[in-house]
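Each of the next two complexes has subunit A plus one other chain: subunit B in the first, subunit C in the second.
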Partner chain A sequence: MKNRKSNIFRWVVFIIVAFIINFPVISTISASLKSAAEISRSPGLFVSEPTLQNFAVILEVTERLNIFAYLQNSLMASLIGSILPIMLCFPLSYAVARRGYGTNVIFPTVVNLRAMPLIIFAIPLYMMYQTLGLLDTPLGLGLVLAVVNLPLALLLLVNAINDVPYELDEAARMDGARIFTILIKIVFPICLPALATVFIFSFITAWNEFLFGLMLTTTKAVPMTVGASFFFSSGGGGVQWGVAAAVIVVASLPPVVLGILMYKHISRSMTAGAVKG
Partner chain B sequence: MTTRQENRILAAPVVLFLLAMLGFPTIIDIIYSLSEVSFENLRSPSFNGGQNFVTVFNDAEFWSASWFSLKFGVTTAFAECALGLILAVYLAPIIRNNNWMIAVLIMPMIIAPVMMGLMYRLVLHEFVGSLPHYLYTWFNWSPAFLSRENVFLTVFTIETLQWTPFAFLLFYMAYQAIPSDMREAAAVDGTRPWRMFWYIELPQMAPTIAVGFFIRFIDGFRVFDNIFVLTGSGAGGSTTSLSIYIYLSFFRSGDIGKALAASVVLFCVAFVILFFAGRFLRRKRA
Partner chain C sequence: MGTIELKNVKKSFGTTDVIKDVSLIAEEGEFVVFVGPSGCGKSTLLRLISGLEETDDGTIHIDGEDVTKLDPYDRNLSMVFQSYALYPHMSVYENIAFALRTARVPKPEIDRKVREAAETLKLTSYLDRKPKDLSGGQRQRVAIGRAIVREPKGFLFDEPLSNLDAALRTQTRIEIAKLHKQLGSTMIYVTHDQIEAMTLADKIVVLKDGQVMQIGSPKELYARPNSTFVAQFIGSPKMNLLPNGSYDGQAMQFNKNVKITVGSVQGKPTVLGVRPEDITLCDPEASELRAKVAIYEFHGADNNVFVDVPGLGNLNIRADGKLDLKDGQSVGLKVDTSQIHYFDDSGARV
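Our next item is the complex of A and B:
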């Protein structure tokens, strides 16, 4: 009896906390469904005359704002920024997991990058990109996002390979298989579920990145996060709050959908870095 | 092929990539921070000793930005870890059978910090924001959230509300990982819940709490996105973090030498902190 009562308290606490931390999300969704008149008349959460007008507005391409381009740039850069770290880290993580190679220098250096304020590299990268013609390209942005995702990718891949039974690749080795054959034919397929988690997690991180998008792109390769902030700088007239809210909803949708579908895996990888690192 | 050669080849992709993407920029950081440089003579900087560093260290804004970052990092990390720990332990009995609750609670950290910042611009807006609206309706009062006096508390709250879920998740996992026979043994001895938490569960979770605090401190210290879109460097520069300071020195003032000198200083500080934190955590584990 006492137990049931205290569990009701727990549910109450859960609902209150969930409401508070998600309040801006709820409020933004509600604003995105209101007409401009309704927003200024009743700014509360309740929507009396829901409309999709705001979403229709953001889909219109203007000279200044093009949401399709932002989405496409984000997609390109995020794909590079999440696939490249896996390809780069996969061989190294085998050497680290199986042979303890690089555990003194390379492994801790890469993992510690997670804690480096990356802005210290932003300005020299800007200059470097200017020389190489990578400024304002999805490829350039993607390469930096790959750096951002490298630490966690390495850490999770090392964990994944540690879970692969040692006998499997040892047997192949005995049969005279070469290291790259073992990696591609044996270890890679077994690690696929782990690789998928790393990919999804890296993709979300890359999609949500803002600082490098702001610094390294100007017009052609602007990602969604930066593009969304353009809707808040009014081009003549005030900010259209309903439209701005709709942009936030669209921009946040991909990571949120991925996050809800994959929350179990994501919560594990989010914390893996902390528990082992 | 010997194993040693093989290992080198396996490590080569990451090493070469990092040398190109970070090693080269580090060299530029160091050379240019010691040079007289502007957008006109980018290719041919002229050495000027530590002049840029003198400028940075004499810049009151640099010190106020450092102080802001430090204060922001420590206070948010502390608040997030404290709230996260309370939530994790208190809600654990009902989450165990309802895993979906985790998805609801970690929603804020799946959303981009910059989007959170933009959302709060709407939510806190004097005329169209829902929060001032409700405060006016119920209490006939609403503070100026982004005024000079209140802005720190506002950005502190925003950061804490977004990242408490991270601490919660981390600590919940650690709490679940405590071996159940430890709890059972204590229960057989008639240990009360509060003592159980204090003497058995908390020490078990201590290493995770230390790591969680460190990660949140680092992320708070280098904060950029949400503050940048919420206040700019606004409210009289009172919310300029070190990241924002470097960004503004470069892009608004075009003061490349100063921005790079500040980057190098930040690099050194981060390196020292990481070095000692790593040693501390390793010793704790051993």
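Our next item is the complex of A and C:
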């Protein structure tokens, strides 16, 4: 009896906390399903006359607003911003973890880049990009997002490679594998969970990035985060809360779906059975 | 094919000399065991032979060819690691096939060789499993399979049984011995367990502090250890050493009360070594050595008896298991003088 009571109490607490934490999400979804009239009449969470009108508005391609282009730009920039750090950091992490290269200077310096306010890079980057013709291109935005994601990727991958037993490298060397084969056929598959983690975190960071998107793009390469803000007052005459909420919901979907799909790969251990009992 | 020779090999890590001028030869088809206490450099020596560590000085020859500067694979040796080191993301089949694939052996030949190796090691029904789904003994067999499939000139084993439980260890030890007979390849095996060394080896290399203390067959080392270190390291229970003795031409005198008549001995021994099985218990009145039973361990077929000899300390004796002893019981000791080992102050055999 006592057990059941405490169980109910636990669920009540859980539901309250979950509600509080997710309140912004719930209220945004709720607002996206309301008409402008209903929002001004009853701004609460309850939706009395659900409508997809807001979604229809944002999905409509106009000369000024094109959500599909923003999604595509974000996708391109985010993929560059999450795959490039992996490609750069994986071999680098091997060198750091196995050979100790750069452990004293490069590794801490790169990892500490993360601590710097990104705005520091803004002006020099803008000038460089102007010269290189990278302004307002998904590649340009992707490259800077790759720099943003590099420290975390390096940190996670160095730790992941440190966890791979060194005997596996040695066994592979005895089996005739040169360093490239060891890296691709032994270490890479074992580090897949860590690589998936890096990919997800980098992709989400890149997707949600606003500052560089605002600064380095104007029309052709506008990412979703910046594009979303264009919708807020698109109709003129103040913020259209329903449309804003709908565009936020759509903008949030890709990273959320990615997270759900790849979550199970994050914490899985690959080294079971490699060494010892 | 498969003679492995080390000439004046040296290795240090920082300022620590781990291997100090080691020379030895493993003849073709020989089973050589490196044995010694922790930190004696036996694993390092094996790694130098494998090529996983580079030598600082000296040369390593395989079949007369100088391989000192060659990469591990080019030495054509296989290694079985203490931790198995199986590739966790690959099946048993892929683990065994990996070396052949890196060598770009044609697929049908890989398949034939992998299945042959699996047959030899009774792994055929596990070929599709991942290492994590295997028991410790099976993992060890996969590690051995990975080594034999390449048909190397020699095998290197780095304490391969230390992660197995006692029963499995004995069984795998017998399997390794059978495998050696079957393949007839040169094998170098590292262990700290002298029983493994004694049972497997054609030749034992006893190491201490990076130096070879003695090389010989298990029987030679047991019968004629050249130092007190080897004498105590080889044999279980270990040899009793009676230090601080003086030889008067007939007997060894240890103090006023303890004297052992040994007859004529060459040189001037000060340390007398006697194995537990070369001391027998007898009536205290009929012996020049009297002692009291301190502890005795019943092993079934025999007893391991620790006796306290006044003025000399503890001696370890292997006695008949049927003998009924009591703690504190007075006993006499009879030493088989033909089996006594004599050493000088430096620990060297006299």
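The rule is simple: the second predicted complex is superposed on the first by the 231 of 277 C-alpha atoms of A that agree within 3 Å, B and C clash if a C-alpha of one lies under 4 Å from a C-alpha of the other, contacts with A are read in each partner's own complex, and residues count from 1 in each chain.
Here is the rule we go by: a residue touches a chain if its C-beta (ideal position, glycine included) is under 8 Å from a C-beta of that chain, and two chains touch if they have at least 3 such contacts.
These numbers come from a predicted model, not from an experiment.
Which of subunit B and subunit C touches more residues of subunit A: that partner is B.
By the touch criterion defined above, A:125 reaches subunit B but does not reach subunit C. Contacts of A:170 after superposition: subunit C is touched, whereas subunit B is not reached. When the two structures are aligned on the shared chain, A:22 is found in touch with subunit B, with no touch to subunit C. Touch criterion met: A:207 reaches subunit B, while subunit C stays clear of it. Contacts of A:181 after superposition: subunit C is touched, whereas subunit B is not reached.
With the contact threshold set out at the top, residues 270-271, 273-275, 277 of subunit A are in contact with subunit B in one structure and with subunit C in the other.
Within the complex, the subunit B residues that touch subunit A are 1, 3, 6-7, 9-15, 17-18, 21-22, 24-26, 28-29, 32, 42, 87, 90-91, 93-94, 99, 101-116, 118-123, 125, 127-134, 137, 161-162, 164-166, 169-170, 173-174, 208, 211-212, 214-215, 218, 221-222, 224-225, 228-229, 242-243, 246-247, 250-251, 256, 259-260, 263-264, 266-267, 270, 274, 278. Against subunit C, the residues of subunit A that register as touching in their complex are 165, 167-168, 170-177, 181, 185-186, 189-190, 192, 270-277. Note for the complex: subunit C touches subunit A at residues 50-52, 71-73, 77-79, 81-89, 98-99, 102-103, 130-134, 136, 139, 146, 150, 163.
Per the touch definition, subunit A reaches subunit B in the complex via residues 7, 10-11, 13-14, 17-18, 20-25, 27-28, 30-31, 39-40, 42-45, 87-89, 91-92, 94-95, 99, 101-102, 106, 108, 110, 112-113, 115-128, 143-144, 146-147, 150, 154, 179, 204, 207-211, 214-215, 225, 228-229, 232, 241, 244-245, 248, 251-252, 255-256, 258-260, 263-264, 266-268, 270-271, 273-275, 277.
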